[in-house]
Amino acid sequence: MSPDSPRDGTRSPRPQRPRWAVASEHALEALIRLSGMSAILFVAAIFFFVLREAAPVLVKDEFSLTQFLFSTEWYPTSANNVRYGTLALTVGTLSVTALAMALAVPFGLGAAVYLSEFCVPRVRETLKVTIELLSAIPSVVWGFVGLTVMSKLIVATTGAPVGVNVLNGGIILALMSVPVIVSIGEDALKAVPDSYREAGIALGATRWQLVYRVLLPAARNGLLAAVLLGVGRAVGETMAVLMATGHAVHIPGSLLDSVRTLTANIAAELGEAPSGSDHYRVLFLTGTLLFLITFAVNLTADFVIRGVRRK
Amino acid sequence: MAHAPAPTTGRFARTAHVARKERAERIARATFAAMAASMVVPLLLIVGYLVWLAWPMLGLEFILDVPRRGMTDGGIWPAFVGTLYLVGLSLLVSTPIGVMAAVYLNEYARDNWFNRVVNLAVINLAGVPSIVHALFGLGAFVYAARFGYSILSAALTLAIMTLPVIIASTREALASVPVAFREACWNVGATRWQTIRAVVLPNSISGILTGVILQVSRAAGETAPVMFTGAVFYKSVARGDLFPYALTDQCMALSMHLYTLATQVPNVKESLPYATAVVLLGSVLLVNASAIALRVFLRGRKKW
Amino acid sequence: MKRIEVQGLRLAYDSKEVLHGISFDVYHNEIFAVIGPAQSGKSSMLRCLNRTIDFTANARMSGTVRVDGEDVRRTRDVYALRRKIGMVAPLPVGLPLTIYDNVAFAPRAAGLSGKADLDATVERCLRQAALWEEVKDRLTSLGTALSGGQQQRLTIARALSHQPEILCLDEFSIAIDPVTTMRIEDVLKELRREMTIVLVTNLTQQARRLSDRTMFLWDGEVVEIDRSDVIFSGAAKSQRTKDYVSGVFG
């Protein structure tokens, strides 16, 4: 065998890819790259176009950003004393969200624990399908349920004069947010390595003790992320709260008071505000505020999840 | 599950301590099960109540008929067909862009800072409130692009809204194809695209399809994004007409119609809004259930 | 001209270096074995040869690798390079396509389109891989439905389908039965007449059976390169080589 001279048998000449195939592949890949970056484009575009409609009012003398953020007086259609204070709306959002989370988090995490640790596979499949269907229910249908079913229920059980209030909105939002919390919470619990469970069992722990002492602490990050995403969903919800919480723009004194959230307020008044007017622009400004709030919440949730994955 | 009788003496005796542990276990299990049930039970009760109140008006005729007597009676056809238009057009736009974006993110993108920003953008796009999507649609499509209040503006707004979830579910489908297949293709001199076309995409179709179908129901159910960009209170349409709208027309939408009936129309016949809600809810659940069934069916036909 | 010339090849994943500047040559029509314990960098070295290391995001390669005199990192057409080098991975991989499409995939990707040409190529490669008789009646069945040993031979058929001039095998026998291993070893002895073979293995007996020259790679460094009869007969120059070959460590 001579080391330097090749002894390959006869080979057929190598085929070539036709020019058009190579060119169209390059074009398609360019399109793919463009699409990939489009997500950034769209997020930026949303922020840009919403801010664009809002911007002119920011530079007006009569408009004060401090008043916008911290005043509770919202009188956009007043004849001689127009005021745009969103604090009452913000409190409305917070109160409904807080109630929703107070209900959804324990039930959601409890259901997540059940699905992940206690359930038999057949029941798990059924439950997961149910939760998936629950999350598919449109928000306007939830709002309708709040307006009709829940409202009557609340009036009947608490004797309140009106059934659309913080309590109504909170319960509806809780039912809407639970699926998110359950599915992400279950993911977080599943991500805890089996070795943790095996170690616990070897030490004689019951399943409940395992959950309480080992799994919940270990899945802490993912569960936190689940809650954050639930909050994000609740804060951004529009139609359901529009129909279920009533029309009063004030800081609620009790659960049975009507409120209005930031989201519902925009939806309720945008149709009436003349295009280009101050009122119109302030509503867009509220939208910008909402965008920033949910942006922050989702960013935080993502960082928390990223911490989970890295483990 | 049969147990041998618990010993009462010796090392494995069922002491009081053990009995307590077992009881705590049973209570915990029951509590968690109750929490899970607490989501299912209200759902069933609510759906049941809605159907019961909607019953007098439900039927095919209800869907095909047009609203009558100032929308206090009649059917929902203009809204139903309007929703079909909106959903169809929006998915026509968002599916190709979403699938291509997912292909980029999963198959081409390197793990550098730029692509981490892209990832973040997708996540944040998914979390934008629906009213902000409505504002965006108003500012960008209705005014800036001068499409005006139209099906086009509304559908494009819905497209941006459904895009992130299509991207996410497509990515999941692509990622479920094992890396070993890609490596085998690269080793024989195939380009990235040839690999994607021959092996990755054909085996991701089921996941992609499931993701798209799920967005059908979401697009059909959203109100705010269409309310301010192209959907209107009332539009005159012939009964059962499948092509009543042009791209530049405004239309009625099922989701908005429910809102209208529930809040803007006085003296509406009692079962009318309930029937509308049931049709909307039923359509959405049907579409979702078929997506889930598709997923289960295709899981059994895996090729590896 | 040597078939493959490697000089000072370094490879690092992030900050961890796995190849610390290795150099070796491979000549035409020989079977060149690369032996060494696990994690020695043998697989990584192969991936540097056909530049599939490019697909590993955090890998950084330096040094020179020349195939037929051409620096692989400066090649105009990396796909042509990958077609020149056939690669067989440790775990058998049948693509989720028909058996026919498995073998026809590479020629089609390279531009071959005539049915007669493709049929001939598929049959030729399946025969060369000693798989034809077993699958000739079910070419339209799924490649992933074959047994492990058959899938590995299918992988070899795939590797041969683009007329490589160099065939690299990375621990090909790890996941298959001894009978199939023997059949593939016979195939390799046949193929040596047409191409150069680089055989990475941690079965020293296999290297002894098949190869002309052997390189002992340990922890990312070349310990010794010599004719196989020298290395495996106990006349190796390095004590470490002698210990590895005789099974003192592995």
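Residue numbering begins at 1 within each chain, and the chains themselves are lettered A, B and C in the order written.
Going forward, a contact is a pair of C-beta atoms (placed from the backbone, for glycine too) under 8 Å apart; a residue touches a chain by one contact, two chains touch by 3 or more.
Just so it is clear, the model here is predicted, and its values are computed rather than measured.
*Asks:* Mapping chain-to-chain touches, which pattern fits: line, ring, star, complete or other?
*Replies:* complete
*Asks:* Using mean Cα positions as chain centres, tell me which chain lies farthest from chain B.
*Replies:* C
*Asks:* For chain A versus chain B, what separation do you get between their C-alpha means, in angstrom?
*Replies:* Going by mean C-alpha positions, chain A sits 14 Å from chain B.
*Asks:* Would you mind pulling out the distance in Å between where the CA atoms of chain B average out and where those of chain C do?
*Replies:* 48
*Asks:* Distance-wise, how many Å sit between the C-alpha centres of chain A and chain C, to the nearest whole number?
*Replies:* Chain centroid spacing, chain A to chain C, equals 50 Å.
*Asks:* For chain C, give me the residues that contact two or more of the other chains.
*Replies:* In chain C, the residues touching two or more other chains are 80, 83, 109-110.
*Asks:* I need the residues of chain B touching at least two other chains; which ones are they?
*Replies:* Residues 191, 194.
*Asks:* Applying the document's contact rule, which stretches of chain A touch chain B when the two form their complex?
*Replies:* 25, 28-29, 31-33, 35-40, 42-46, 49-50, 52-53, 106-107, 110-111, 113-115, 117-119, 127, 129-134, 136-141, 143-145, 147-149, 175, 178-179, 182, 206-209, 211, 229, 232-233, 235-239, 243, 263, 266-267, 270-271, 275, 283-284, 287, 290-291, 294-295, 297-299, 302
*Asks:* Considering only the defined contacts, which chain C positions touch chain B in the complex?
*Replies:* Counting only chain C, the residues touching chain B are 50, 52, 55, 57-58, 79-83, 86-87, 89, 91, 93, 95-97, 105-106, 109-110, 142, 144, 155, 158-159, 161-162.
*Asks:* Which residues of chain A touch chain C once you look at their complex with the stated criterion?
*Replies:* The touching residues are 1-9, 11-12, 14-18, 21.
*Asks:* Given the complex with chain A, which residues does chain C contribute to the contact?
*Replies:* On the chain C side, the touching residues are 1-3, 27-30, 80, 83, 107, 109-113, 163, 165, 193-195, 212.
*Asks:* Spell out the residues on chain B that touch chain C in their complex, using ranges where they run on.
*Replies:* Listed in rising order, the residues of chain B that touch chain C are 110-111, 180-181, 183-191, 194, 198-199, 203, 303-304.
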